[in-house]
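Should a chain be cited, it is by its letter among A, B and C, assigned in written order, with residues numbered from 1 in that chain.
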């Protein structure tokens, strides 16, 4: 049993680090597309990686932030930005973007579920908790796009992203409601979010658009 | 007397709900113009409706937010966004925008006055309190425009909007200074803000521009 | 000794006020370029002057803000905005921008050092403290550019700005580490930041760009 828990913890850490790297890389690529300088590349990388969780903590009035408790991830993202600038060339961008979709989908699920969990622990109402989960997963990308002077792709590209986190958040809350153990709720929530996202990518699903 | 108070409360609630709907709709319309998807329409609707008050509470370090205390307004705005997507067509946009100007003007007055009041209760200096009132009324629209990738219309369209709230805020503070009862200060402040705004719309008043 | 301290305090105040004016003016000029109205000019002026410090205080959960403790600077910046609108014409813009580079460089140094200091007093790790210093110095301009609907020039123009504050921040921390007196650390940090920035302007230094 202890062994399984250890495996679980390690797996979770792995997903977390992979997703943070994917989020940061999405910022780095966007900054490179906009021909930003080294400062801009790092700033957008940081924002994309930590923006969502930081905004959630600001709204929930939680301190210290994740990146204050674990400064090593700050150094990690900085290293990632520098390495990307050194080795990544424009011809690698498309491939990189396709590759990071998968850790990104897993991260969306994990970050949304942890956001919901944190809000629930502060006695937030269910709908607010789900909203916090969605913000955690989505607003890194939103802040990235705002800084890059474009409409957030989460609001515009008609590919389900935030709604996957929304669905996964309700799964988490529903399972806790029927007294499921926390690890099961987490696992189910991440599976639903990441699964829906994967299906959206794979099947090219589209959100309903405004009928003009 | 009790009866009048009850009437006052109901009227206030009515103005509050009408104004929140007007703010949300302004976001929905802007998002639709930018051809956002369903997620974007709802996100911009939420931001326009709750952004100003939430920013004020962040700056004043007040929790819980309005929409955490009253989650039913979250559901209400969500319903409004969905209904708008189902029934509102492009040919209705101009009419809708003209119609929401009036609840919007009343809401600007009410939200500015309550922002001032909240800041005063926290012993803020008068000018900071007025600033908080203006932020409450104006920054929902500012955040909406930032997300829609345009310069905030409150900063650019040369129609008095923030200055009306600024004037109304000082009226509120002035009346409290001479020991007027709170309901009178509120009523006068809302009247001044909404009245100035209505005159600006009606008479096509313009703010001074930069003389190049 | 007392005398020297008094001189130091006065000098510091002078740099602080000059830099705040320079930051505000940079916002005013940008708003004028975008043909904003009087409200926009003042709003962008305020944001450019106080945005960095306010964001740092939000992140560090510090209240009251600088402009709440010293409301006279709010009035000062407001007066500056009005005066600029009355007397500054487009033909003066280039000259003004060249002139404010120098108080801006000094202010970058001073604000970054005080940001680092404030974070250290809250027991933040060194790298977080330096980040807070950089945010204090740089994010007023970033918020200004976001509101003006353009990519932040601090991220795009390839002129060292944030990196100067980054270097100066580490100087501050390094000197405190070897138990140097606080005034010396402050002086050295400001000198390094402002000196690097001045050299960057003078020598037209460029940050490394992405090699496509």
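Remarks
Rule of thumb we're sticking to: a residue touches a chain if its C-beta (ideal position, glycine included) is under 8 Å from a C-beta of that chain, and two chains touch if they have at least 3 such contacts.
Since the model is a prediction, treat every value here as computed from it, not as a measurement.
Copies subunit B and subunit C of the same sequence differ by a rotation of 120 degrees once their CA atoms are superposed, given in steps of 5. In a homomeric contact, the two copies may use the same or different surfaces; for subunit A and subunit B, under half of the interface residue numbers are shared, pointing to different surfaces.
Subunit A and subunit B have Cα centroids separated by 31 Å.
Residues of subunit A in contact with two or more other chains: 58, 61, 146, 149. Looking at the complex, you find that subunit A touches subunit C at residues 31-32, 34-41, 43-44, 54, 58, 61, 63, 65, 67-68, 71, 74-75, 85, 89-90, 146-149. Interface residues of subunit C facing subunit A in the complex, by the touch rule stated above, are 58-59, 61, 124-125, 127-128, 131, 142, 146, 149-152, 154-158, 161-163, 207-212.
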